Amino acid sequence: MRKVSRLSRFNIASLALGLAFLYLPILILVIYSFNDSRLVTVWGGWSLRWYREFFSDRAMIEAAWMSLRVAVSSATIATLLGTLAAVALSRGARFRGRTLFSGMLYAPLVMPEVITGLSLLLLFVALNAERGFWTVTFAHTTLTMCFVAVVVQSRLGSLDRSLEEAAMDLGCNPVRAFVAVTLPLIAPAIVAGWMLAFTLSLDDLVIASFTTGPGSATLPIRIYSEVRLGVKPEINAICTLVIALIAVVIVIASLASKLSSSQGESAAPL
Amino acid sequence: MTDELPRTDAAADAAGDVRPAAGQPLLRIEGVAKTFGSFRAVDGVSLDIKAGEFFALLGPSGCGKTTLLRMLAGFEAPDEGRILLGGKDIAQALPHERPINMMFQSYALFPHLSVRDNIAFGLKRAGMARADIATRVSEMVALVKLEGLEKRKPDQLSGGQRQRVALARALARRPQLLLLDEPLAALDKKLRESTQGELMELQRRLGMTFIIVTHDQEEAMTMASRIGVMKAGRLDQVASPRELYEAPRSRWIAEFVGDINLFDAEFKLRDGHRLVIGTGGAGTLVVAEPREAVGETRFSVAIRPEKVKLSRRGPVSEAGRETAINRLDGVIADICYLGGTTTYKVKLDTGGMLQASVANSARLDVDAYSLNQNVVAWFTPDDCVLLPS
Amino acid sequence: MSARRIFARPARFAAIAPYVWMVLFFLVPFAFVLKISLSQTAIAQPPYEPVFDLTAGWGALKAAFAALSLDNFKLLGSDEIYVFAYLRSLTVAVTATALLLLIGYPIAYGMARLPKRWQAVAMVLVIVPFWTSFLIRIYAWINILQHDGLLNQILLALHLVGQPVVWLSTDSAMYIGIVYSYLPFMILPLYATLAKMELALEEAASDLGAPPWQVFWLVTFPLSLPGVGAGVLLCFIPIVGEFVIPDLLAGSNSLMIGQTLWLEFFTNKDWPVASAAAIVLLVVLLVPLLLYERLQKRQLEQGR
C-alpha cells in the first residue's frame, strides 16, 4: 500500500495552534456573551441578560433589520448577475470588451473597500439619489456579484464540456442543454455564491458607511460606533447572534445542496 | 424534421428517416477539411461508409481522427467539403438535428440523473410518449445487462457499468449511425477484451452502423470490418484488417500496425515473377513481384516476424525451389518469452538484425533456441512486402 | 463553428446585464473620483466645485473644465502627513504579509499532509471563520487584548508580567488583528498548490540524498511559489487600503492611508482631497492589482 500521508509532529503542532488561533477568540466572545457581569472581564455567572438588552434596543434592532434586508436583496441580485457573468465568461464567444468585462469583475475582489465605497458614493451624489436602503443594496450587489461570478465560473470551468455536448447530441438545442444539464450541475455553486454574497453584505462596514444616508445605519455601522466607545457586553450578544445566523445559513444551504445532489454518498457505493 | 410515413418506431426515431437508396453508401464524406488556427487537423478526407458496417478510424493521437468524428456528430463544422448522410448534406446541421448519436470517451453521463433518466434523456427530447419511453428504457437496460441498477447515479457505478449506460443512452434513440470515441479506453485490459466481443455482437444483432475512433490497433483489428488509418489529418489507407496487416501501403502503416522487420532495399534484377533485391542488412533477397509496381529503384522490404522461420540447419532443400527461399545465417542475440510466442532477435551475418516470432506449440522447450546459438532464418518471397521508402 | 461556439452564441448574451451593471457602478464612479480629485473644496452641497452642469450650456462647461487643477495631488505630495500615511501603509502591508506567510505556510503544509479525508475537514475549519463577520473578529480581539482582558489576566496569573501590559492601541495589536483576519486568505492558496504537489517528488528528493531542510528548500518551496504569489497578493493589496483594523486596534498617532482617506472624507468633509488620496492609492496598487488579475484568470482558465 502507498503511504498516504507523512505527518510529522511539527505538522500536527502547527495545525493545532493555527486552528486554536482561529477559533479561540470567537469562542471566548460567545462565552462572554452569556456573562451576567456588566464588567466584561469579570465572570458573573451564566445569563441571557445581554440578549434581553439587545432585543429592547430599538436602534440596534432597526439596524439589524436593515442589514438583513440589504443582505437578502443584494445577495439575490448579485447571484443573478454574477451567474450570468460567469456563464458569459466561461461559455460565451469572444465579444468586444470582454477583457474589460473580466477586469471589472476581478478588480473589486481586492480593491480596497475605501475606494469602492468612495467612488460609489460620488456616483450616488452625482445622480442625486436618496441615500439609504437602495444605495447600500446596489453598492453591495456591485461588490458581491464579483465573488459570485468567481465561484460559479470555477465550477463551470471544472465541468466536463462533453456533458453539454452529450445533451446536444441527444437532441437538446444549446439553451435546453444549459437548462437540463449545466444548470443543475452548477446549482451548488450558485447556492454557495448566494451565501457568500449574503455574509459579505452582512459583514460590510466601510462601503455601507459611505453609501448609506442619515437614519439608515446597518448593523456593522452601529456596532462599529459602539465599539469605538469601548467594549459593551451587549455587543457580545449581538455578535453571537450574527454568528449563529450565519451558521444556520451555512447549514441550511449545505443541506440543500446535499439533498439536490441526492442520496448520492449515503447509498452504498459499489 | 417531418415524419411523413407512419412507421413502427415513428415517434422514437426522432431524427427522421434517412435510409440510403440501394447501392448508395449510408455516409459519404467528401473532401472534408478542418483548420484550427494554423493547424490543419483534418486535411481533405474522403470516405464512404455502407449501412451495417463496423468501421474503425485508427491513428496516433493528434492525427485528426477525433476531429473527424466530432464533425460527424456536429460539434465541429468542416471548413471545406460535404458530409452526406443518406444523400443529404448535414455538414452544417447542429448536433441535435442529426440522426447520429455519440458515445463519449469520458462517457459524459449526467451526474445528476439516474441510469434510467440518463437513458431516457434523448427520448424525452424527441417528444416520445411516457409509456413508450419506459418500454424503450427497459429494453435498453436489458440490452446492456444493467437490470436492477436503473435508480443508481453514475457515481455509484463501476467503470464497466458506466460504459454500458453510455452505450445504452446513445443507442436509445436508434440512431442511423453510432459514433464511439475511444469507448474502451477507460477500461482495464480483461474487461476491454470482453466488452469488445459484446460490442461486436450488439452491432451485428442491431444491424446498426458503428464508427469507432481508437488509437489501439489491436482493438481496431479485432472489432472493425474495415479500418481507416489516419496520419496528420489524412486517410493513409482504408482496408480490411487482414489487408492492412498483410499488404500495408506505406512503411509508416507497416510499422504502426503490428511488429515488422524493415530493410532499405535496392532493385537488382528481375527473374520471371521474382525480383532480386539488395538490402542494407539482410544481403540479397528474392521477393515476389508486387501487384502495384513500386516506382522507384530505392524502397523498403518488410517481413512480419511470424513469417520468419528459424531452424538449426535450414529448410530441406528441394530442387528448383532452392533459389526461391531466402536463407539467412545468424546468431541468436536476444530472447523475449511472451507466453504464446517467443520473439528472437537474430544478428545476421550480413549485418542486420531480424526479428522472428515463433509459436510455443509444445509445453516443453526442447526446441527452444538459446542465446548465441547459430541459426538459419528463412522465409519465402511471398512473405516479403515491398514498400515505397 | 465548433461545439463551443454553438453554445457560445447564446451564452454571450448573458454578459449584457452584468456588463451594464459593472460599467454603471464600477467604471463610471471612477470617472467621478478622478474628476472630483481635480476639483476644489467648497462649503456647499455637494461640497466641491466646479460642478458640471450640462444644462448650463457650453460656456459654463468650458469654464468648469478650466477650473480643474492638480492642486490636491500637489498637496498630497508636499504634506508630510500624507506621505507618511502612504509609507506607513506600505510598511504595515509588507510586515503583515511576511508574518502571514510565516504563520500560514506551516499550517497549509500541515493540512496538505493530512490524510485525504481529513484535508476536507481542515479546509472547512479554515474557511468557516472567514464566514463570520470581519468586524466581529476584530471585536473579539478587543475583548481579549483590553487592559483587564483575558490575555493580561493569563499573563498576570502565570507571573510572566508584573502589571498589565498595554496591548490596545499599539502596533502589536494591529498586527495580531491583521494576521487573524487575513490568515485564511494566505492559507487557502498555499494549501491548494501544496495539496496538488505529488508526495513522490519529496520522496524522490530524499531518496536522492537530500536532508529534510533541503527537500523543503530545493523542492517543496520552489514548487509552491504560485501559491505563495497568490497568497501574498491576496493579502498585501487589501491590507494597504485597510481601515477597520488599524482604526480599532492601532494607536492614533500614525495613520494608514485608508484611515486618512476616511478622516478627510467624514471628518474634514474634504471630498476632493479624499478622492485624490484614493487615486494615489489606486496607482500604488495598480501593479499588484494587475498581477493578481492575471493570476486569477490563468488559474480559472487552467481549469478548463
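When the chains are written out, they are named A, B and C in that same order, and each has its own residue count from 1.
The rule is simple: a residue touches a chain if its C-beta (ideal position, glycine included) is under 8 Å from a C-beta of that chain, and two chains touch if they have at least 3 such contacts.
Remember, predicted model here, so these are calculated numbers, not experimental data.
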Central chain of the complex, centres being mean CA coordinates: A
Farthest chain relative to chain C (centres taken as mean CA coordinates): B
Inter-chain centre distance, chain A versus chain C - centres from mean C-alpha coordinates, in Å: 17
Intercentroid distance (Cα basis), chain B paired with chain A, Å: 54
Of all residues in chain B, the ones touching two or more other chains: 74-75, 94-95
Numbers and ranges of chain A residues touching at least 2 other chains: 165, 168
Residue numbers of chain C (touch at least two other chains): 3, 6
Residue ranges of chain C touching chain A (in the complex, touch as defined): 3-15, 17-19, 21-23, 25-30, 32-33, 36, 46, 103-104, 106-107, 109-111, 113-116, 122, 125-126, 128-129, 131-137, 139-144, 146, 148-150, 153, 180, 183-184, 187, 199, 202, 233-234, 237-238, 240-244, 248, 258, 261-262, 265-266, 271, 274-275, 278, 281-282, 285, 289, 292-293, 296-297, 300-301, 303-304
Chain C partner contacts - residues on chain A that touch it in the complex: 3-8, 10-12, 14-15, 17-19, 21-23, 25-26, 28-29, 32, 39-41, 80-82, 84-85, 87-93, 95, 97-98, 101-115, 118-120, 122-123, 125-126, 138-139, 141-142, 145, 149-150, 153-154, 157-158, 161, 164-165, 168, 174-175, 177-178, 195, 199, 202-203, 205-206, 209-210, 220, 223-224, 227-228, 231, 235-236, 239, 242-243, 246, 250
Chain A-facing residues of chain B, complex: 14-15, 73-75, 94-96, 100-102, 104-106, 108-112, 121-122, 125-126, 152-153, 155-158, 161, 169-170, 173
Chain B partner contacts - residues on chain A that touch it in the complex: 160, 162-163, 165-173, 176, 180-181, 184-185, 261-262, 264, 267-270
